[in-house]
C-alpha cells in the first residue's frame, strides 16, 4: 500500500505510518488535562500533531528527531491539516527507508558535489582555482557544506539544501555571463560558491534546523568572511605565491554585500559588477523557488489565487482551475 | 587622420571635426555679452559646447539635430570636458559618414530584428506565437520599435537601444529557464519582448530624445497594455479562434508589474513567477549595463574608485590601476 | 414585530429572521465533528454564523447568495457578535422584502443616476460633454456602473455604492471650485466621474463582492484608461470632430494619478491642478465616510474611544457618553 | 509710463524704478573687489540684485526693508532673472504708492476680516461662538492676525496672507459640510479659524519674513494651543459658565493634528472627523494655491511643462502653448 | 507561609492568596455559558484569571481596583500563565499588607523625592533654581508627580514610576556632564526633570493605569509646555525679576523635542546640545530598563534566547543557561 | 608675532605663514589658463587655496602632505574662506613647530594611552583582562590605534582622534554603569574599547585621511571582528585556558551591532543590554561633539542660528548674541 505522505493527507484519513517527530511538548489544556503537541513530518512536509490525554510516560517514550510510528486521524483545523494522534511508538532507524525523509539522497548529493567541483576546477584564474581547491580538499568543511540546509524555514530547508541552492546559482551564473562581457565569469562563479558559506555554522542541522547563537549574534555574512580569510592563507601555501590582495577583497566584498541593501543586513552595498549580479541572481533563485512552492503547495484548492502571504505582501496567481 | 571622438578628447586639443549638435541656447553672461551654449556629440558621447561672443546670426545658422563642423579647443571645466567653440558651420547630411553617430548601424539593427523574430516564432504556444506575429507583421510598429531608444539618458539611450535591450533580455531569459522548470518559457519570453512596448510612444526620438506628454502623464506601462489589447484582437482574427483570456491577462500583468514595486511606478506587484523573473532579469540587465558604463567612462582616472554617483547612492570599485 | 437587524443584535437574543447568507463552509472541529460556518447579513451589517453538528445534507440546502430563514441565538465571542444557528431554510426571493438587504433602493439609485446625468450634461466644455454622453447613453455600461459597489469591504461596499460615492464626490467638486479659479471645473467634474470607472470590471458583484482576476492582476486604474480610450473614439463620431488630444490626456491622467502617490498604486503622481484636487477630495470623501462608520458602529459602547483599528493606525475619539 | 513689475521684467531691460530692498550683503569677489548683493522686490515677486564695485558708503545708504530707487539692467543668469544695479537711492515711504508692494490693500484686509467675523458669529454652538468672540474682540490679536503672512516662502507669504488662507479655508469648509452630515459644521469652522493661530508669533513680519526663535524651537502647533487655552479662560468669563471640557479638547486636538502625520510635525494624528477633514482641506487649499503659482509663474516659457521642482518631486503640466 | 507572588507561580499550583483585581468582564462562551475574565496582580506582575460558570451575582461581588482573596489553580495556556479561579471574595483594604502591591513604598518615594529636591536646589543657575522651586513647593503637583506611573504598560508602569525614572535620569545626566563641557549641566538637569511633566495629566492612575482623553488627543509633550509656562510665571514672582526669555525657550524646547524625531511624536527635532543629550539619555534609560525586564522575566526558560518581541523587532540574548 | 591660525583668518588679510598642504590639483579655467587648487590647513581647520596663473613647475615644487610657506590674501567666497596664493615654498619638517598641526601632542596621546591601559587592566573579569592585555602589549597595533583618526571628516578627524573618542566613551561607560546594575560593566567597557577597532585599517592616515579599499569594500565592523578573533586566540595562550565561547561572542556582537540599525550598516541589531547601551553612548558621544563643533565653528556670526546642515536635517540654536 502506498505511503501516506504528509503533503497529501486528506481530511479524516485514518493513519498508521512512520514519520519523523520533533518539537514535542507536554501541556495542560483549560480543563487542566495534559496533552502532547509535536511536529510530524516526512520529506513532503510537516503538520502539527495533537495527542489528547497524554502523560509523562508517553512523553518520555521518544525524543525529538526520532522516527516514530503514528496512529491517528487527519483533521483540518484553522486552515491547516493536523493529526489527532491515538498511538505513538519509537521505530529503530534501521527499519526505516530514509528516502522518505530526505529531499536529497546520498547519490544526488554526490552528483551535486561533483558538479560543484567540476565548475570550480574549470575556472581560468589560477588564484581563484587555488582558493576553491582549498575548500574542496577540506573534507570536514565539505561534509558540513553538503549537509547544511539553506535556511531554517522557507526555501531549501533540508539537508543538502545549501549545496543544491549554490550549485543551481553557479549554473545560472554561467548561463548569463556570455551576455555580459563586462562581468568576470570566474569572480561571479566563486561569488556564487562562497556567498552563503557562513551558513554552515550559522545554522544547526543535526536534529532539526535552527540558528546557532553565533549565527544570530554575528550572522553568516561576517562568518563567511572569516572562512575566506582562512582559506586564502592556505591557498597561498598551496600556490606557493601570494594571493592578489585585490582579488580576495573582491571575493569578500561579494559575500558582505550579497543581500544588496543595508536594510537587508548587508553592511555594504554591491560596488562591483559581480557583486551586483550575484545579489540579483541570488534573489531570483531564492524567490522563484520559494514563490513556486507557495503556488505548488497552496491549500486554497478551489481558487485561482493562493492565500495571502504576509511576508511577501501579496497573494499569488495560480490561474483558473480547469472547469469540468 | 583619425577622427576625434568625443569620449576620447584630451585637454587642450585643437578641434576641427564634424559632430551632431542639439539643445542650442543663446544667453547673456554677467557682463551682458551673449554666448551660445549647445550639446556636441557623436556616438561615443556628448559634451557641452560654449561659443563666446556669439550673436543671433550665428544662432540661426543651424538647427538642433543638424550635423555641424566645429572648430575650437577642448577644456576641462568643473570635472567635465567641454569645447570652446571658435567656429561652427552646418554640414549636409549627405557628406557625413553617419556610422560615427549611431551606436547601431542598419545591418546591426537588421540582425537584432532577425533574432527577435526567430526567438518569437520559435515559441511553442500557438496563441502567443500568433500574438507575437501580429507585432512582427506590423511594419509601422516594427519601424518604431527598432528605432526607439530604451531611455532618455542612462542605458541604451540611442536609436535601436530599445531593440538591443529587449533582444538581450530575451536571450538571458532563454538562458535561465532550463534551471527553473516552474517557469513557463514562452510567457517569460513574450514578457521580455513586450515589457517596454509603451516606450515607442512614451519617448520622442526623431531629433534628440525626450519624453512625450503622454509618456509623462500616463507612462509606458499603461500605454503598453493598450498596445497588447489591440494586438490581441488582431491575433484572434489571425488565429481564427479566441485568445485564451487568462493568457492575455498574464502578459498584461507582466507589463504592469515589471518595475517590481509600487514605489517604482508599477501599479501592481508581480504575482506570477514569470512576472517575478522578468522584473529581476530586467533590473539585472539594466543595472549591469549602466553600472558597467559608469565604470568604463569614469573620469576619475587616477583612482581605484569612480566618482560618487548620487542616483545610485554609491561609488563603484574599478580596481587599482597598474603601477608602473 | 420589528425586524432584528444584524447591527442591532444584543447578546443572547433568540432569533428567527430572514437574512442573506454567503461564504458557507463545512468543517470538522477538534473532536472530528462537522460544523457549518457562514456569513449572515442584511443591509445593516454582517456577522459570523456557526451551526454545530452540521452535515452534508444541511450544507447542500442553500447556496451562497441565497436568502435563508435563520433560527438561533446571538452570542458575543472574541469581541464580535455571532449567531449560533439551530435551524436554516432557504427562502424564495419573491417572499423577501429586499429593502432590508440593499442600502440603496431602485428609486434612490434612479435619483442618483439622474443627478449624475444632470451634472455631466451641465458641463460647458462641449468635448467633455460629448465624452460623458457616450457613457450615459451606453445602457449596459450604466447598468453596471449603477450596480457596482465602491469596494469589497470598507466604504461603499454595497450595490450602488460606486454610484453614490461618485455622485457625492462630484457634488463636493462643484462646491469647492468657486474658491479656486485656477481649477477647470469641468475637468475636475469629469475626473470625479471617471476616476473609479475601472471598478465596474475590477470587482465582481453578482453574488457577494470580490476582486476579479483582471482586477487583481491589472487594477482599476489601468482598466479605467481603456474605457476612456474606447469612449473617446465614440465621442469623436458623436461630435463629428476630433477630441482635443490634450483634453483626453488630462482626463486619463486624473484616472492613473488619483491615488496620489506611487506607493498607493498610482503609476504617476498628480501633475495637474485638477488631478491634485481630485486626489485630495477622493481621499476626503472616502475617509470621512469610512472613519464615520467606524465611530458609528463601534462596539466599545462604554468608552469615549473606538477600539484600535490597525489599518488606520489609531483609535478614534467618539466623545464621552452622557453620564446619567 | 507703466510701472516695471518684477515678475514681468524681460531680458536686458533698462530699469529706473522704486522697489523694496532686503537682505543686503557686501562681499568680495575672487579678484578681491567688493560687490553688493540684495533682494529687490515688489508685490509681483522678487529677484536678486548685484551691484559691482560697491563699497561701504553705498552699503550704508539704505537699510533692509527700505524703499529704494533702483537704476540698472535686467539679466538672465543661471535660469533666473537678476538686476545689475548701477544706481541705488533711498526713497521716503511717503512718496511711495504702497499698493505696488502689498498683495492685499487695507480695504481687502478689512473685507476679509469682516467675512471672518461674520462666519464665526454665525455659528450655532454658543460656547464656540463665545470662544471666537474672545479672539474677535482682542484688537491686538486681530491686528497681528490680519497682518501675518501664512508662510516665509511659498504660499501666502505676504502681509494678510494668513487671513486670506484662513478665510478661504473657512469658506471651503462651509461649502463641503452639507455633503457630510457626520461632521459638526461649527467645529470644523472654528478648526479652520484656529489651526494656524500660532503663526502670529511663529513668524516675524515687520521687516521681511522669518521664523522667530520660539517659532523654530517650539512651533506654531504648540504655540496655538496656548492661545486657545488663554481665550478659553476668557470665554468662560464672557459666557458666565464653564466651557465644556470636551469641546475645548476637540478644538485643541484639531490644532495639534492638522499636519495629519507625525512625520509632518503633528504630535498626534487626527482622531476626530473634524480633525481629519481639516487636515485634508488645509492641504488641498495650500497645494492648489502653491502648485497653481508654480504653473503661473513658470519660467520655462516654450514648454508644456514647468521646470522640475525638487520639493514636490515633480514637474507640472501646463499644457501645450498655442502654436501660431 | 511564604506569599505566592504572581511572577513566581509554577504550573498547577493550588492558590489561596490576596491579589488586586482589575478589568473584570462577564462573557458567554461558545456553548452560551457565562464565565468571568479578569486581571489578577500584585507588585511582581499580572496574569489572566478565568472563572468558569460565573454569573451576575459573582460579577457584582467586587469592583475593579479591589483587593480580593482568590482560590484556584495556576495553569499554563498559550505561552502564558493564567489562574482558573474557583473562589473569589472581596477583602477590606485595612486587612491588606499593601507592600505586596506597590513597587515603591512610601519611604522609598520620600527618599527619591528628597534626592530630586536636592539635585534641583543644587543647580547654579538662579533662574532655573527658581523655576524648579515653584514645582517643588506646589504640594498638589508634587503629590501627583510622585504618584504617577511613567507609562501604562512597559517600563515604570507603577505608582512612583515616573519619579523613579526621572530621578535616575537626572543622576545619569549629572554623571556624564563632566565629560562634555559644551553641555550646560543645569539645563540638562532641569530637562531631565521636566521632560515627562505632562504625564501627570496624560495618564490616569487612581484605579488601574490608562490614558486620559486629553492625553490621547493632545499628548504629554504639549501638556508639559503649558505646565512650564505656568510655573515660569510664578518663578518671576518668586524671583522678583523676569525669567530670561531664551532660558525658558530652551527648557520648553527640550520637552517638545525629547522624543528625538518627528515620527516619534516630537513636533520639533532637538536643536540644542542639551535637547540632543536628553533625548539619547532618556532613550538609554527607558530601553535598558525595559529590555532588561524582558530578559529577566522571559518565559522561555530553557533557551539562551527570549521569545521574539514584535514591538522591538528582535529576540534578546540571555546567554546559555548553566549545564549541570 | 602671533601665528595666523586657519580658523581665525579674517577677510582680506595678508598672509605669510607655514601650513600643511594636501589635495593639490592643476586645472585650466574657462579661458584656458592654468591654476593650482589645494587644501591648506593647520590644526585649527582647513581652507581652499587658489593660485592663479600657475604652471607645471610650481605644481612640482611640493607634494601633498608637505609643510609649505604660503604667501597670499584671505578672501570670502561662496560662504567660505579661501586663500588666494601668490607664493608657495616647501619647508623642511625640521624647521616646523608641529604642535601647530596636531590636535593632540605626544604627551597628550601618551596620557590617553595610559588611561586606556589603566581602565582595561582594572576590569574584574580575568578573561576580558587577558583579551585586552593582548591588544595592549601589541606595540604595532597600539601605534596604529593611537595614531588613527576616528573619521575622515566630521568628528575626531585628526591623529589620535580614535584614541580620544574611545577613551572618552570608556569614561562615560564607567560613569553610567552604577545606575544600571543589569549591565555588565566589564563587557560594556571592552565594547567601548573594541567597537571601532577596524578603523585602524579602514582608514589611511599617513598623509591626509581617506578610506582604504578594504575599508570601503568590507567596512570596519567586519574588519574589527577579525582583529578580535586573532587576539582571542592569543589570549588563550596568554591565559593558559580557553576563552569562554559566549564571552567572545558577546564582544564580537557589540562590534557588529554598534551602529544600532541595519540601515546604518550594522548587519545585526543590538541583542544584549551592553550592545544596546554601547550603541546609544557611542551615538551620544559622536553627536554631542560633532554638533558642538557645528555650533562653535558656525560662520553665521550675527544670527542666533547656525546655517542649515543638510546631513543632520536641521539648523542648531546657538542663542541670541549679546546686544551691545
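Residue numbering begins at 1 within each chain, and the chains themselves are lettered A, B, C, D, E and F in the order written.
Note that a residue touches a chain if its C-beta (ideal position, glycine included) is under 8 Å from a C-beta of that chain, and two chains touch if they have at least 3 such contacts.
Computed from a prediction, not measured in an experiment: that's the story for all the values here.
Asks: Chain B and chain F share one sequence, so how far apart are they rotationally when you fit their Cα atoms? Give it in degrees, rounded to a multiple of 5.
Replies: Resulting rotation angle: about 120 degrees.
Asks: Same or different interface residues for chain B and chain D, judged by whether over half of the residue numbers are used by both?
Replies: Looking at both copies, the contact residues mostly diverge.
Asks: Where does the D-F interface recur among B-F, D-E or E-F, taking recurrence as more than half of the contact pairs being identical by residue number?
Replies: Going through B-F, D-E or E-F one by one, only B-F repeats the D-F interface.
Asks: Going by the touch criterion at the top, tell me which pair is linked by more C-beta contacts: A-E or C-D.
Replies: C-D
Asks: What's the distance between the Cα centroids of chain C and chain E, rounded to whole Å?
Replies: 44
Asks: How many angstrom lie between the CA centroids of chain B and chain E, rounded to a whole number?
Replies: Averaging C-alpha atoms per chain gives centres 61 Å apart.
Asks: Taking each chain's centre as the mean position of its Cα atoms, how many Å separate chain A from chain B?
Replies: Those two chain centres are 40 Å apart.
Asks: Identify all positions of chain D at which a residue touches two or more other chains, and write them in rising order.
Replies: 213, 216-217, 246, 250, 253, 271, 315, 317, 320
Asks: Output every touching chain pair, sorted by label.
Replies: In this structure, the chains touch in these pairs: A-B, A-C, A-E, A-F, B-C, B-D, B-F, C-D, C-E, D-E, D-F, E-F.
Asks: Can you tell me which positions in chain B touch chain A when the two form their complex?
Replies: 168, 171-172, 175-176, 178-180, 182-183, 246, 250, 253, 269, 271-273, 276-277, 280-281, 283-284, 287-289, 291-292, 295-296, 313-317, 319-320
Asks: Spell out the residues on chain A that touch chain F in their complex, using ranges where they run on.
Replies: Within the complex, chain A touches chain F at residues 213-214, 216-219, 221-222, 225-226, 229, 246, 249-250, 252-253, 256, 262-268, 271.
Asks: Which residues, counting only chain E, touch chain A once they are in their complex?
Replies: 11-12, 50, 73, 75-77, 84, 304-305, 315, 317, 320
Asks: Along chain D, where are the residues that touch chain F in the complex?
Replies: 27-30, 32, 213, 216-217
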